[in-house]
Amino acid sequence: MLNKEQIAQRIARELRNGMYVNLGIGIPTLVANYVPEEMTIVLQSENGLLGMGPFPFDGEEDPDLINAGKQTITTIPGSVFFDSAMSFGMIRAGKVDLTVLGAMEVADNGDIANWKIPGKMVKGMGGAMDLVASAKNIIVAMQHCSRDGKSKLLSSCTLPITGLGCVKKVVSDLGVFDIDHRGFVLLERAPGISVETIVASTEGRLFVPDEVPEMTF
Amino acid sequence: MLNKEQIAQRIARELRNGMYVNLGIGIPTLVANYVPEEMTIVLQSENGLLGMGPFPFDGEEDPDLINAGKQTITTIPGSVFFDSAMSFGMIRAGKVDLTVLGAMEVADNGDIANWKIPGKMVKGMGGAMDLVASAKNIIVAMQHCSRDGKSKLLSSCTLPITGLGCVKKVVSDLGVFDIDHRGFVLLERAPGISVETIVASTEGRLFVPDEVPEMTF
Amino acid sequence: MNKVVANAHAAISDVQDGMTLMLGGFGLCGIPENLIAALVQKNVKNLTCISNNAGVDDFGIGLMLQQRQVKKMISSYVGENAEFERQLLSGELEVELIPQGTLATRCMAAGYGMPAVFTPAGVGTEVAEGKETRVFNGKTYLMEMAFEADFALVKAWKGDTQGNLIFRATARNFNPLMAMAGKTTIAEVEELVPAGELDPDAIHTPGIYVHRIFQGKDYEKRIEQRTVKPR
Amino acid sequence: MNKVVANAHAAISDVQDGMTLMLGGFGLCGIPENLIAALVQKNVKNLTCISNNAGVDDFGIGLMLQQRQVKKMISSYVGENAEFERQLLSGELEVELIPQGTLATRCMAAGYGMPAVFTPAGVGTEVAEGKETRVFNGKTYLMEMAFEADFALVKAWKGDTQGNLIFRATARNFNPLMAMAGKTTIAEVEELVPAGELDPDAIHTPGIYVHRIFQGKDYEKRIEQRTVKPR
């Protein structure tokens, strides 16, 4: 089973040189730690920044410089600030090449739910609905099952929807999945996880190719 | 009969302190020369400038600094540059208090024609259609009659329309007119011009109040 | 064209109960601290507040929530505020949650005189309920209406006496958009300079959008998530 | 993320006959002189050009008109160009005239992923023919569609190796809007600097919108209407 760092590490393998990438809060943020050294990636933060850098050294925090998770950050050379309308404008126009975000549920048709649990949690969608509606390529980082063992890869979402038919790929603690007309297509297994375990843990339609390689780190 | 400078001078009396004003090409541009000294007016140039100043001294022209008539200009302290979308955005949002422009024809319902003479002239509308469709307050500076003596203050425009029902006031070489439900309302006569002359020169509906003062300069 | 007022209290003297206010900022970054403090002191009530977030319990708009000054919040994310959640769940507070980009674009639309805009954000979700949809090039969009407010309250880094504003880093966020959308826009700035001192090429908000401006004081600039790396 | 190409010829190597190009500039102010010269030399034909103006007879897009490279012009004002008027009246050149603000906003709409925008400009005129109208708050608007182009060719004052751009004075005009609307956007700059040298708060066009950039040369910056006052 992959831990959070390994999920991030696996997602980082999807990066290509020259990509503009938006990383959501949580596991997606960790992806930045695994960008290969020879690769240039520019991180977009939807509150209004291209060229996000690592966290600042202690004592060098700038309250005017935060990411979409409200964390203090730094910038890299070539960074640029803009207002939130332009920020979502470039997202809506498809200029961001890859969006990585978390989810509570994903359906086998690409629907995603990640913003609300009725009666329990009312935090709001932030930029998630804009991102999922517009991104060219969305990868979801998530736990495969809930704490009580219920699959979060479903035939249809039970929670309020964030966006329809938008997720292209899921990296869970159990494996890597494309989403296409066949539903979840199992591409890779987590180390030590059998196809049978994944089948048993997936409520939505699952397509299992003849060969499903095990990930190595 | 007013000359061009006097038309501009008369229009300048409509200015109020603190106004943002857009002046069109031709006679309207001359209005800037008659802003009372104690008054602060900020001129908007729709190619992307607030705070237009006078023409530069010879030898100090800057090719990157022109007005909407493509003339070299200067700026005043507090000026700001922006792109053309924001420029027309502030026009459309009604932030410009007064627009002064020329016209070939004006109708007694406020319609204006000033961009095209079919078969003769195809220069384009530039920003005129945006300005007339959005300005809160439009004053037209124009000659009352064509060279062959035909009225240009009409019951309806004969040339292709620039905008519908938008003109609030006309200052011609013969007089000053409001436009309301009564048509052209004669407010002031040019020095030496009789009401009868104005009546004879106006094809559109003309309302003549009991008293029509003569302008003084 | 001098738009300078003495301070936050003078600037909000005509803000009244029941009005709609926009407040700039993302989280606690770039919020109009002085204006919020003045609103708290004036204790105007029944406000509708349009702001991306609702502050934290003891800072930002959270201070207004504590005093029950807010009737309705229009925001995209309100996850940092226990008092907010309590008022919401108890029904004391009305809340409309809308996508962040939609919020930003609806403010800009007002400033650009565009009555409505199209965005795909929220299609097929609760957000779409009651809204007109339209298909362009095979993709479905929601028609979202421009946002206006009686007052827009923004915070800039530098400003001049004519109301021209420059923002700093990610404290820009919603501030220039809301500045364009206020029937009356009030800007507080960290540094107020005479007209002519700001680079005309570097101004983010032209003064034509700003009606009142003042030099703010005692900025706390609280950090919500202090994240650092070891030296 | 280095987007630097050697020169204008390299930058336009894949511009082909029949394509749609956007060209920044207002009059001759802020036009991409180097890129236009390269297009003239390459002599690509049957182009659709979206540009506020069409240059003058012997400069700017006028040079492309002389060579009959342009099939269709989409502009707001073309009054400075005798050859243009001749080609138009003779039917050699197709022309679509649209209001200046509409042109600007349709470019911005593409850059902001908005398929259509509403503007009152042109309601009741020839411009409205065949277009959908809609009433908001008692006022009639036209629905105008976003503009895209195969290539957007823009001119900036300064740019960096990542494609970030800063414009100068009124040479900004349509350049940042078209930069956002190109499927491929090429920027020529008066001064190309390494990434990190431009103030991140002062950049007008973020590099994400720009695909190729190069240092221009031999700028003529011709003035159309030299107006001066006596000393």
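A, B, C and D label the chains in the order they appear, each numbered from 1.
Convention: contacts are C-beta pairs under 8 Å (C-beta built on N, C-alpha and C of every residue); 3 or more make two chains touch, one makes a residue touch a chain.
Since the model is a prediction, treat every value here as computed from it, not as a measurement.
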Starting at subunit B, fewest touch steps before arriving at subunit C: 1
Winner on C-beta contact pairs when B-D is weighed against A-D: B-D
Maximum centroid distance from subunit D, chain identifier (CA atoms): A
Centre-of-Cα separation between subunit C and subunit A, whole angstrom: 28
Subunit A and subunit D, separation of their C-alpha mean positions in angstrom: 37
Centre-of-Cα separation between subunit D and subunit C, whole angstrom: 33
Residue list for subunit D, restricted to those that touch at least two other chains: 105, 112-114, 119, 167-169, 172, 200-201
Touching two or more other chains - residues of subunit A: 81-82, 85, 88-89, 91-92, 134
Arrangement of touching chains [line / ring / star / complete / other]: other
In contact (per the touch rule at the top): chain pairs: A-C, A-D, B-C, B-D, C-D
Sites on subunit C touched by subunit B in the complex: 1-2, 110-114, 160-162, 164, 180, 194-196, 198, 200-201, 203, 206-209
Contact set on subunit B toward subunit D in their complex: 45-49, 54-67, 69-73, 81-85, 87-89, 91-92, 111, 116, 122-130, 133-134, 160-164
Interface residues, subunit D side, partner subunit B - complex: 26-30, 52, 75-80, 85, 88-89, 95, 97, 99-105, 107-108, 119-127, 157, 167-177, 204, 221-231
Touching residues on subunit B, where the partner in the complex is subunit C: 18, 20, 40, 42, 44, 50-51, 75-82, 85-86, 88-96, 134
Residues of subunit D defined as touching subunit C within the complex: 105, 112-119, 136-137, 139, 141, 166-169, 172, 199-202
